Amino acid sequence: MRECCIDIICEGCPVLLVIDERRRFIFQARRGAVQGSDKGVLRHDDILGKEYGSRVKLSSGIEAVVLRPRLMDYMERGFRRKTQVIYPKDHGLIIMLLDLKPGMRVLEIGVGSGFTTAVLAQIVGDEGRVYSYEVRKDNIEIAKKNLEKIGLANRVVLKHRDARLGIDEEAIDAAVIDMPDPWAVLHHLYRVLRPSAGAVFFLPAVNQVQRLLLALGLHGGWVGTSVYEVLLRGYEPRGDALRPYTTMIAHTGYLVYARKVHMR
Amino acid sequence: MRECCIDIICEGCPVLLVIDERRRFIFQARRGAVQGSDKGVLRHDDILGKEYGSRVKLSSGIEAVVLRPRLMDYMERGFRRKTQVIYPKDHGLIIMLLDLKPGMRVLEIGVGSGFTTAVLAQIVGDEGRVYSYEVRKDNIEIAKKNLEKIGLANRVVLKHRDARLGIDEEAIDAAVIDMPDPWAVLHHLYRVLRPSAGAVFFLPAVNQVQRLLLALGLHGGWVGTSVYEVLLRGYEPRGDALRPYTTMIAHTGYLVYARKVHMR
Amino acid sequence: MRECCIDIICEGCPVLLVIDERRRFIFQARRGAVQGSDKGVLRHDDILGKEYGSRVKLSSGIEAVVLRPRLMDYMERGFRRKTQVIYPKDHGLIIMLLDLKPGMRVLEIGVGSGFTTAVLAQIVGDEGRVYSYEVRKDNIEIAKKNLEKIGLANRVVLKHRDARLGIDEEAIDAAVIDMPDPWAVLHHLYRVLRPSAGAVFFLPAVNQVQRLLLALGLHGGWVGTSVYEVLLRGYEPRGDALRPYTTMIAHTGYLVYARKVHMR
Amino acid sequence: MRECCIDIICEGCPVLLVIDERRRFIFQARRGAVQGSDKGVLRHDDILGKEYGSRVKLSSGIEAVVLRPRLMDYMERGFRRKTQVIYPKDHGLIIMLLDLKPGMRVLEIGVGSGFTTAVLAQIVGDEGRVYSYEVRKDNIEIAKKNLEKIGLANRVVLKHRDARLGIDEEAIDAAVIDMPDPWAVLHHLYRVLRPSAGAVFFLPAVNQVQRLLLALGLHGGWVGTSVYEVLLRGYEPRGDALRPYTTMIAHTGYLVYARKVHMR
């Protein structure tokens, strides 16, 4: 984040425009540009030089607010994507399970649109590094654009490579594996992790979890194996009529955690 | 974390000894010391100079492994505590909602045993800072010891103060409020937050959530208000008989998120 | 259910036609009639005289099956309705909480489209009776048609009346209250229930639950008060790729149970 | 239920004595008998002839209430049991899935302590019948005593038989299968079910669900296959501090439903 983007919106700063619960837009502020919506138009010139958190009027007279976008906002609005599986509810637990912190060297297998990559890169900071393997060229391109847009590309090494054929790095502090057949990278993964380091595997179906558990057990170099699901329940935020939303995302995937130890 | 504690266990390094699922101990390695258990004794000398992740034999001949403790391990085993309410499942979502990252200045109201403090301090890194208000002197003492034990005390400013009477800091990037009457600090909190910055309130009972929602609405300087519960479901990690654990922690508290904007 | 509708489909028998997961139709078999769909047409003559459970061919050659509709099937496909709040997951718990059984006299306040009425009527059998109060005339009409369609109308006394103004019956064995302000009928309800009989209140919002709990406590004639939510999680029924459905109904309403005792 | 046990407690009537949330006792009222507790003693003579729902005083002066026990109360307090797996939350959904009603002939495989048997017997009424297979003699004895205690034994045919070797009955309207290897009875079950009738299988582990799904698919005579979990969330019933209980039963088992159709 550039210094100028912290409190004041200046040329090139990212903006989250919130008109109402469903009308939310993310863009970069540019002199002379406009942001359209079915509720009216915002002239960027009206917000340049203003503080984040300001209230602004659209051409229609309708009021809106401009905010500094969080990663979660990008995920909802600002990311180009083809697939999306891991949700912020899962990312949060992944951060805790892997004990992620600034300076870490993190391995990622399966990049998708790069959202998980962004979460990892944001936590490891400028001194950390994320090494991300992805077999699909189009995903690499999308993830690259997304990471550049939010200024995290410099912390990420995107690799158009099949991790099942090998992993180049060493002394990895933590790993996130989002691929359908993680047992196929288990030996490579084991080799590149630091002793005692953990890995989280994201798997949509029960059968994959079972097969991975068997593979981890057969391998013999893992302990602390655990399996989780995170259910996030949202409520209508009304003090006078509080109630859970009628529908919810009930399943994204299972998280399997294990940490490397010496072989038995 | 000292350099020596990354891969090799040396004098003073923290160790998580795992004998089995229920026998887990955290201690600092000290020449000549021993760690007892009902399954046998570990002589520290047997692990000094060894890699984390090593397998060791107890006096009984039973095998165990030594790991580098994560924050989550400290929470389960190594923390002195009087109360514990916020769980890692909640911390993960808090990190995502607040967009926590290295360098941030975070405000915490309600320290308890300091576990949430530790999570915040770990993420903001050496350049960040956590300002933590707590009204109970005994909690301050416990939190201080806990933070020192894990080497995060230097990033935290512990204040034995009632935040309802005022908050000293300014330009706060994010806040976590864990107190029974958060509406009583809302005006101070609003003043010290950066524009567009977010706060998460942790509240065990529905009635508190309702009252906070009303207070946020009346105040007029908050948007994006949302209410969540995180349910974490663990599974017995057996590939041949996978099933959820019979019981689970079904409730810790509700998380209310809101971000500061200009007053209407 | 007429005898002829048990195993063999005859003139007038109800039929659930299942073409695939999403194409399901309920109708009465009538000589000469047809059931259309975008996958082909079923001539009723092709199923008259056949067993329930038979496989049939549509005009397109596509295979389908004909089943005897359950109440749950009617709820999904065969009921005219304006609103629907209580789901089968809730009905199941209501049956257990109220100890519903054949011969009981059940009171219902708030009929809606009559689906809960049908569930109650089915369990109490021919010797039981359901007394159903509803303030909206259009709901009464819809419920009447729905109950006639499934042959349960003779067990139900539908009353276009506001229960807040009084309840005629006495010696009621169990009650289901689905109205926004149940505290307004509490005194009438108490009077007509048998001693020790239970009532279940269905309430969508937290605030209603709180108010009812306070009213039950103030009244002084209720014990065993309990509050529940039922979460039903469905799975994709694939042995080779089992996983929960991505979305689920996360909230219909809260169930509050209490039973009548002598006033303190 | 004898007529005399409906409103007035007379000799031999079942009684649920509730002293407080945790002190609950079920017994039969007997002239001259007493019910002890650590909070005082109840002389049965003090309640004989009184209405259910009455408030009574123990020898200690502490007040309690006497209620007519529901099946759910028996399950919690009054049943001798060796194992208990299916809970009322599951029974409720089973009743709805199987469209249970008075007069039905229900098959049960796996009796356990007879609680599910009692639920089925209560719903099918005097004209219905439950045929229950159980391989363990001790379970049969316990279930028999339990069913006699609650007056439902006359509706149940308990069979000390292995259903895998064959099922005697025919024209069964619904079935509940609670055994570890239900695929071993699938052919017998199919034969004895009426066309279009449903069966619910209760299975604790994921692997069993997968194997059953494969078996149902291979057999070819089943449709509407679905898999469910019921999560029941209880709340502390306090209007001024409503919140979910901290812990909950997070898993009893999965319910698999399927209905018989003609073979493909």
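The letters A, B, C and D name the chains in turn, as written, and every chain counts its residues from 1.
Heads up, the rule we're going with is that a residue touches a chain if its C-beta (ideal position, glycine included) is under 8 Å from a C-beta of that chain, and two chains touch if they have at least 3 such contacts.
The model shown is predicted, which means the values in this text are computed figures rather than measured ones.
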Copy pair subunit A, subunit B: interface residue numbering same or different (half cut): same
When subunit B is superposed on subunit C by its C-alpha atoms, the rotation angle in degrees, nearest 5: 180
Identity of the chain that, by mean CA position, is farthest from subunit A: D
Distance from the mean Cα position of subunit D to that of subunit A, given in whole angstrom: 47
CA centroid of subunit A to CA centroid of subunit B, Å: 21
Distance between the centres, which are taken as Cα means, of subunit D and subunit B, whole angstrom: 43
Subunit B residues counted as touching two or more neighbouring chains: 206-207, 210, 233, 240, 242
Residues of subunit B defined as touching subunit C within the complex: 206-207, 210
Touching residues (chain side subunit A, partner subunit C) in the complex: 204-207, 233, 240-252
Subunit B partner contacts - residues on subunit A that touch it in the complex: 6-7, 18, 51-55, 65, 67-68, 70-72, 88-89, 91-103, 119, 122-123, 125-126, 194-196, 198, 206, 209-214, 217, 223-240, 242, 254, 256, 259-262, 264
